[in-house]
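Below are two complexes that have subunit A in common, paired first with subunit B and then with subunit C.
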Partner chain A sequence: MDFRHFFDSKKISFIAIFAVLTTFSVAKATTYAAPDTAAATGYEAHADEEFEPTKVIMEHISDAHDWHLWGHTSIPLPVILYTDKGFEFFLSSAFHHGEHDHPGKHYTYRLVDKKKIKVVNAAGAVDEEASKNVWDFSITKNVASMFLSVIVLLLIFTSVARAYKRREGKAPKGLQSFLEPIILFVRDDIARPNIGHGYARFMPLLLTIFFFIWVNNLLGLIPIFPGAANVTGNIAVTFVLALIVLIVVNVNGNKYYWKHILMPDVPWWLYPIMIPVELVGVISKPFALMIRLFANITAGHIIILSLISLIFVFKSLAIAPVSLAFVLFMNVLELLVAALQAFIFTLLTALFIGMAVEEHH
Partner chain B sequence: MSFDIGNPSIGLVFWTLIAFLLLLLLLRKFAWKPIMEAIGEREKSIEDALTSAEKAKAEMARLTNENEQLLKAARAERDVILKEAKALKDQIVADAKNLAQAEGAKLIEQARKEIDDQKKRALADVKNQVSSLSLEIARKVLQKEFEDERKQEALVTDLLKDVKLN
Partner chain C sequence: MVGSIAAIGAGLAVIGAGLGIGQVGGKAMEGIARQPEAASKIQTAMIIAAALIEGAALFAIVVSLMGL
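Let's look at the complex of A and B:
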């Protein structure tokens, strides 16, 4: 066999990665200039655009007001706005992908950067002052995808629960036998060793966190319609998860936990340093959870999209096999990461809860 | 282009909170509770089954042990009985032998005595017969001898010579 083409492809991929890095930096420079022109013209030009990987990738990993299917086809999603004058409901198709402004009941709205809804004044310019009074509670792509995952989770686990009732005391079967080891893993390897006695109280939270993150991670890996949203790679979602962990940990903190924070075992004159440090620790633990999940999932999406972008950057079909090989590898890796990040988030949650409820003797 | 990182959208935060809490509540009620209970119950029943199996095994071992003990005891008892029987047999045989010997000896002794008596009697008989016979003979001889007078005188003379009157 001739292995030379492998060397060639390696060289090519090296060049490709180098190229994509340089493209990123160039694209970044242009990105900063872009909003001004977009704001000035009000519409985005579609035809004969220079391919900008950064823009494409950022678009893909960001939230959107419609669920893109292919080409110019996308599923419109409901827009819900809370303004100082009342609620507004309409479909995102009213914006025609940001090409038209939508005259609502209270204001006229414009879709900026495909995801921000701003108020437009009579002169046709964005009114930033009035936009501040508009709160966007739309069912965006991420929200829709998250609802989908919630429905999937409810269907899966209620059916598994039914299976447990139907086959009481018998060996698990089918979906039940696939999920039981995972449930037992969460119980025996995450909850029990970290929380210890009284772990059962936190099992619903830990299991829900684990499967919610896992299913959303997996849905994010699907490149077409039911997936493709970057839910767990969105800081808002990980923020909420981390916030829930923060609340659960501190609500369940016992007197030893609070004593450790407010009256640590150090000389009293160190308190001015120690107490702020401990209080920062209270916040920084869930903060790390938020950043870790967001960064890992987003990074995975960016890498895969970058590799796909290579084909368009080089404008060559020859690069496609190389790109696809790397994408395939990354997808498999992301499958692992999807489960791993769900595991780590759950493990650390259990650990923090365990630290808060630990009894000292 | 701007990115979500520094600016989590309020809508997504709101809907995530609603969706997650709803999911948590629904799953807790309809999934986690029955699932965890079912798993716990099954684990308990398996544990019970294992414990009872272990108990049964111990009981079995105890019974086997007991049986063995009984068997051993029975065997020992059998050995003892056999030994006793053998000793008894030996005793009986020995006794019988002794008795037979004693009886035999007594019989022999009796026989010997009888023989002795018979012999003595026969001897006495023989003696009597011999004495009467010899007396007869002597009488006959003397009769014959002293038929002749001279011979009588000769003898008397002879005898008188021997007497010498001391």
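Let's look at the complex of A and C:
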């Protein structure tokens, strides 16, 4: 079935944006109803606590069940659990930032360490045995942020694709002239030199990888609401990206590729060493892709957050301008890294595909 | 204590990566100075080599992050 007509009308895109914004604002309104007294006492409790940079930083770069806005206000996100007794749906505001347990349909749940949802038994203790049967499919902060980036990408690329259809043969205009050089760069500098003949088949994959990583990196750099999720710095996300590369490379590998792995041009008695090494090479290439993207983006976030933490570690206002200047510098550097990592991931993907589809030997 | 040693490990990894990427960058500069017309090819090869070195360093960083 052809779904293209869904994206054809400009009206639909505006409705989509409007719907997303309304959903978020409605959800926001619900948090305001949270008791103010708790917030007031919460601040006092924070003042007594020793500031622990490691804890704060790890909290900021990890996934969460709510999207933090400011102070004690955050957008609750839906929690979807699959238990041995069936599905369970509720909003994460039911936990009150982990202060309350939520009595669900099948079990009572508790939010442990702001991340893991565990089952609580009648005595009020965490039941580890029962928690093993609970599968968490929640829309977490990272998932919500990925939805947002997908909406952004769809809006940009459907409008640009429409412009190409409407203005065929004419000079590009507006968003078109911003994206055309980037797309041509991916084609002429990444795909064609590394894959060679038959590169066109892989262009959709390479462009999707490039723009998905780039947009998510940039969204992660925005310190306030629509960004601030560490999507490409989450190892699960980069794992799936690397898994896609692994599958594409090996499915498209021709007989020369497999001969190089299973029957390399070495004396036969070296086979017991060479074949395991080559097989490890098949896995280790995407594995390095996964670690590279994850570590780069996470390291960038950690550096920025550490520089901010300096202010609170020294408890001094004088350090703030220095720290802020460094944060600004790092943030600008991260803008470069965001594009560079998207480029490297795409380039290495193209390189691996090129090695797998190479004809002559 | 474990955290401090992890920090030393991260620092050591950065020394290695710095030496490696410095070598790659320096040699690429020399290459471009000798043959400016091959600049774009040298640049691409340089970025790939730098990314591979960086990958090795990042493995070490991730291991020391686990110790933090």
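Criterion: the second predicted complex is superposed on the first by the 313 of 361 C-alpha atoms of A that agree within 3 Å, B and C clash if a C-alpha of one lies under 4 Å from a C-alpha of the other, contacts with A are read in each partner's own complex, and residues count from 1 in each chain.
The rule is simple: a residue touches a chain if its C-beta (ideal position, glycine included) is under 8 Å from a C-beta of that chain, and two chains touch if they have at least 3 such contacts.
This is a predicted model, so every value here is computed, not measured.
Visitor: Of the partners subunit B and subunit C, which touch A:74 in the superposed model: first, second, both, neither?
Guide: Neither partner.
Visitor: Touching A:296 in the superposition: subunit B (first), subunit C (second), both, neither?
Guide: Second partner only.
Visitor: First (subunit B), second (subunit C), both or neither: which does A:92 touch?
Guide: Neither partner.
Visitor: Does the superposition put A:240 against subunit B (first), subunit C (second), both, or neither?
Guide: first
Visitor: Let me test your reading of the model: by the given contact rule, A:288 touches which partner, first (subunit B), second (subunit C), both or neither?
Guide: A:288 sits against subunit C, while subunit B stays out of touch.
Visitor: Subunit A residues in contact: does subunit B have more, or subunit C?
Guide: Counted on subunit A, the partner with more touching residues turns out to be B.
Visitor: Scan A:147 for contacts with subunit B and subunit C and give back first, second, both or neither.
Guide: A:147: touches subunit B, not subunit C.
Visitor: May I ask you to decide whether A:217 touches subunit B, subunit C, both, or neither, giving the answer as first, second, both or neither?
Guide: Touch status of A:217: no partner.
Visitor: If you stack the two complexes on chain A, which partner ends up touching A:54: first (subunit B), second (subunit C), both, or neither?
Guide: Both partners, subunit B and subunit C.
Visitor: Return the residues of subunit A at which the contacts from subunit B and from subunit C coincide.
Guide: In subunit A, residues 54, 294 are touched by subunit B and also by subunit C.
Visitor: Can you name the residues of subunit A that touch subunit C in the complex?
Guide: Counting only subunit A, the residues touching subunit C are 54, 189, 193, 288, 291-292, 294-296, 298-299, 343-344, 347-348, 351.
Visitor: Can you check the complex and tell me which residues of subunit C touch subunit A?
Guide: 3, 40, 44, 47-48, 51-52, 54-55, 58-59, 61-62, 65, 68
Visitor: Under the definition above, what is the set of subunit A residues touching subunit B in their complex?
Guide: Its residues touching subunit B are 31, 34-35, 54-55, 58-59, 62-63, 80, 113, 115, 135-140, 142-143, 146-147, 150, 153-154, 157-158, 160-161, 164-165, 168-169, 180, 183-184, 187, 200, 203-205, 207-208, 212, 234-237, 239-241, 243-244, 294.
Visitor: Okay, in this complex, where on subunit B does subunit A touch?
Guide: Touch residues, subunit B against subunit A: 1-5, 8-17, 19-24, 26-28, 30-36, 38-39, 41-42, 45.
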